[in-house]
Amino acid sequence: AEVFDKELYQNNKLAGVVTGLAWTAVGGEILFIESSLSKGKGKLTLSGQLGDVMKESAMTALSYLKSNAEQLEIDHKTFENYDLHVHVPAGAVPKDGPSAGITMLTSLASIFTQRKVKNKLAMTGEITLRGKVLPVGGIKEKILAAKRAGIKEIILCNRNKKDIDEIDDRYLKGVSFHFVDTVDEVLEIALLPQKVQNALKFEFSQN
Amino acid sequence: AEVFDKELYQNNKLAGVVTGLAWTAVGGEILFIESSLSKGKGKLTLSGQLGDVMKESAMTALSYLKSNAEQLEIDHKTFENYDLHVHVPAGAVPKDGPSAGITMLTSLASIFTQRKVKNKLAMTGEITLRGKVLPVGGIKEKILAAKRAGIKEIILCNRNKKDIDEIDDRYLKGVSFHFVDTVDEVLEIALLPQKVQNALKFEFSQN
Amino acid sequence: AEVFDKELYQNNKLAGVVTGLAWTAVGGEILFIESSLSKGKGKLTLSGQLGDVMKESAMTALSYLKSNAEQLEIDHKTFENYDLHVHVPAGAVPKDGPSAGITMLTSLASIFTQRKVKNKLAMTGEITLRGKVLPVGGIKEKILAAKRAGIKEIILCNRNKKDIDEIDDRYLKGVSFHFVDTVDEVLEIALLPQKVQNALKFEFSQN
Amino acid sequence: AEVFDKELYQNNKLAGVVTGLAWTAVGGEILFIESSLSKGKGKLTLSGQLGDVMKESAMTALSYLKSNAEQLEIDHKTFENYDLHVHVPAGAVPKDGPSAGITMLTSLASIFTQRKVKNKLAMTGEITLRGKVLPVGGIKEKILAAKRAGIKEIILCNRNKKDIDEIDDRYLKGVSFHFVDTVDEVLEIALLPQKVQNALKFEFSQN
Amino acid sequence: AEVFDKELYQNNKLAGVVTGLAWTAVGGEILFIESSLSKGKGKLTLSGQLGDVMKESAMTALSYLKSNAEQLEIDHKTFENYDLHVHVPAGAVPKDGPSAGITMLTSLASIFTQRKVKNKLAMTGEITLRGKVLPVGGIKEKILAAKRAGIKEIILCNRNKKDIDEIDDRYLKGVSFHFVDTVDEVLEIALLPQKVQNALKFEFSQN
Amino acid sequence: AEVFDKELYQNNKLAGVVTGLAWTAVGGEILFIESSLSKGKGKLTLSGQLGDVMKESAMTALSYLKSNAEQLEIDHKTFENYDLHVHVPAGAVPKDGPSAGITMLTSLASIFTQRKVKNKLAMTGEITLRGKVLPVGGIKEKILAAKRAGIKEIILCNRNKKDIDEIDDRYLKGVSFHFVDTVDEVLEIALLPQKVQNALKFEFSQN
């Protein structure tokens, strides 16, 4: 019970839901990063039994987004007038590690812009505060899990290219890869220009 | 003493009281999620010796409700002007796990809308922040406990249907099942259109 | 030294002082729940080496009182303009468990209404947030302790009636029992209509 | 080094300094409760390596004082406009237990009224929130320590009278005793009507 | 996986990114201190699995900067109107010790002035609150790591000069050293007079 | 590495830097208490891996200073409009004990008055909240360390005079002693009437 369920990729109808790749003792799995906003005062809530490293990853993603809000056309008042919740199901499975960094950043960018996330896309990679993408482990297992779940495109750190080169080609069939060095490249690939249906219209109190 | 008392289902006169199903070492039990509101500033109090996973479940339910308040016709000012307390008796019994997720969500939806909860209904299932319902364990034991307590209808995750199919029919007699994939479906089944007697009339301070 | 002193019942001159019944390894004891209010901002202080369950019990009692303030004719501004302290002597004796629930609720109701508590009355029972009274353990020992201390009436949960039926009648002589299902019934029995001498006159700042 | 130094009683020139009696593995000792006030917002600071029970004792003393401020002619604004610090030297010696309760209460009453404390007086006894004084242990050792330090009068709980009766008279020579049941009696004995020299003049901001 | 990746020095295009030198069980490494600012209220966030000593180092660097803001021409309102995040990749590697002190100070000075950091420069040294630079350990390993990563200049505490004198000259070829006693000297060397491209323009709310 | 470096006394150019004496398993050492102020809201930050007793010592020193501000001609608004940071290098060395009390008090008094500290002066002694100075241990080792570091005058508690009397005179040559009972005496000796160069000019917001 304490492992991820065998999840399948679903769709990209909702803002803030992005597919990541996890690597546990029993193999690779996909996981979903889910973000939601509600009127509030800028509070951040994290749930899904996240460990310290993963919590810091979420805080780093949020700080990056805040200090680069202008280039994503996010009004800074949004951060002060809405509460953000980031949840990673399944709720009882402890999770840790930095490899969900770019997935979290993409989830936050999507919920704050209300832009759609590219269909059948997954990703794994650590972020740093200045926007670098760092390599992570378990690449082979993660790719197998992504294929199994119906994923067609995967974003990886350039420095993880060597891990792909070591995988037999037949395992890679049907999946294409994006190798990136920066967070900018991740968002350019992952965020579609159009907004989701019934996109949230942000309202700001006078303060 | 440190197990749930053999509780019986009671009635649906009060808003915010919803019947869940628990699964412990000594079998299944029903449990009650109780919510109350009092004038305040949006504080959340959780009690009943809830573990980390169950607390996060309550926070996820609340965030879901807040970001979907409009479709339930909840004025967002209610969240800011009232304090919410969620209690799960018996007070000395430690409880954990994500399976009370949809029960908590229904309890919150009922207390914030003051709508009645369907009579003799119980439920078990994890929620996620985007409103998915995930399967949980102990289905057989939970159903036996529900019957014993006088429950007539049970809401389960679609992905728990296979657990029902494995139970001998005679154990299922007298109980009907609703299999759901989303929180929307849960609330459509569980929340009656009418309000409870002496429904709370929300008042907002000027702020 | 680390057990309750052999206390005797005293009197009902002060608001907020209610007699409960405790059950420890060395037998039953009476204990006093003491509440006090002072001008403030709604802060709650608990003392007396209370364990987690007992602290949650106090918070549940307070939430119940707040959401049912109107029927006790308590002005809700009182909760925001006064700080509440609940203490359970002896200060060095660790205490836990839910059985002081109704005693705490009665103490809070008395201090916030300034109504007198019935003379020579003790009680034991768990409360839930919706106002149910749940049964507790150690009934025989508690009753012996109550008699020894000079108590004449005892409030118990209806579901504890069976424990009384098993006690030899000679031990019950001189004590009468009230069996209840709800908090409403507790307060109807325990709170006298008249206020204490020199009852506190609540004053509210303009806010 | 980790035991109280052999302290001597000094004088009663300063408000807020009161002599208590401690009982440790190596015998009795006197200790000083020191309180100070500085302009602030009602913050309470406790220091001197106080354990949980002793901290709760200080909080109970403060709550008692606040809810009985009027009869000591303390303006309630003082509590909101000054920060209170209570320190118990020696700073490195861990201290715990409820027996400093009445000493702390007297220290607080003295600092908030700026009234002088009676000369060569010591005391030991637990307080409760409603103002009862409860008996404490180590009476014999404490009395010997008090005599050694130059103390002439000692306040004890009435229920500690029996401990005195068991002590050989020659050890009691030169010390007189006050046996009390309530906090009111303690303050009547301990607080002199006159203020200390250069008594603090309380000033309140407009709020 | 739980050691620093073999990082290479990159460039000095971004404000707030400064190269430090770490010394672990497996040898020396370079590390990056990354700082970012976003509109806020003066909150400080630290991430990168920093230990207590390293967190205190960051707080000391920030206090130094604040109390010496004028000489770096930093408007004090910046501290109150922006939130600061300091991150040290890699996110999963626990880090501790005081030797990143001057690197952190330089990172903070750069992000708050938006001035460029000198190219191919690294540094290691503890800071104190009054601006002294203290010597640190692992100098030989750190220098080898710096050379390997492409560093050309290194700032060290004067009291670490003796460690350099003991290293064979061929290991020092291609790197020049700055020996300093104070934080002033560090900043004079490390901060270039020009600002970074697209330097942040600070805006202050009226308060 | 985890012991104090052999520090030398430096100078008295900066306000808030005062020389204390520490006593560890490997002998005596001098240490520096460093205080700094920056515009803020009265926050206190302590760093240098200080233990509980030493932190309480700093809080006691600050409370003493606040409640005796008038006699040092410190405007009380300074406490509310500036943040205080107290750091004790070396940053990685755990420190504890009450013996830095008078050193901390002197450091605070110097930073808040901007008065110079006497040259080549060191001190060791516990403080209490009412301004008493208490004796401390390790006197012999501390004096040897002070001499080695270039100290010429040392302040000690009167009750530590007996420790000096036991030291062979040749070890005391070149150092003179001040024996004190109160904090007043410490400050009279340690604080010079003139301010430091470029003394901070305090500015207060209107509140």
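First chain written, first letter: the chains are A, B, C, D, E and F, and each begins at residue 1.
Going forward, contacts are C-beta pairs under 8 Å (C-beta built on N, C-alpha and C of every residue); 3 or more make two chains touch, one makes a residue touch a chain.
Everything numeric here is computed off the predicted structure, so don't read it as measured data.
Novice: Applying the touch definition from the top, give me the chains sitting in contact with each of subunit B and subunit D.
Specialist: C
Novice: Measuring from the mean C-alpha position of subunit A to the mean C-alpha position of subunit F, what distance in angstrom results?
Specialist: 51
Novice: If you average the Cα atoms of subunit B and of subunit C to get two centres, how far apart are those centres in Å?
Specialist: A distance of 30 Å separates the two centres.
Novice: Can you list the residues of subunit F that touch 2 or more other chains?
Specialist: Residues: none.
Novice: Beginning with subunit E and continuing through subunit F, what order do the ring chains follow?
Specialist: Following the touches around from subunit E to subunit F and onward: E, F, D, C, B, A.
Novice: Would you pull the subunit C residues touching subunit D in the complex into a rising list?
Specialist: Its residues touching subunit D are 1, 5, 14, 16-17, 32, 34-40, 45, 47-49, 83, 85-87, 89-92.
Novice: Quick one: which bits of subunit D touch subunit C in the complex? Just the residue numbers, please.
Specialist: Residue positions touching the partner: 52-53, 56-57, 59-60, 63-64, 66-67, 69, 76, 79, 97-98, 101, 126, 128-130, 132, 134-135, 137.
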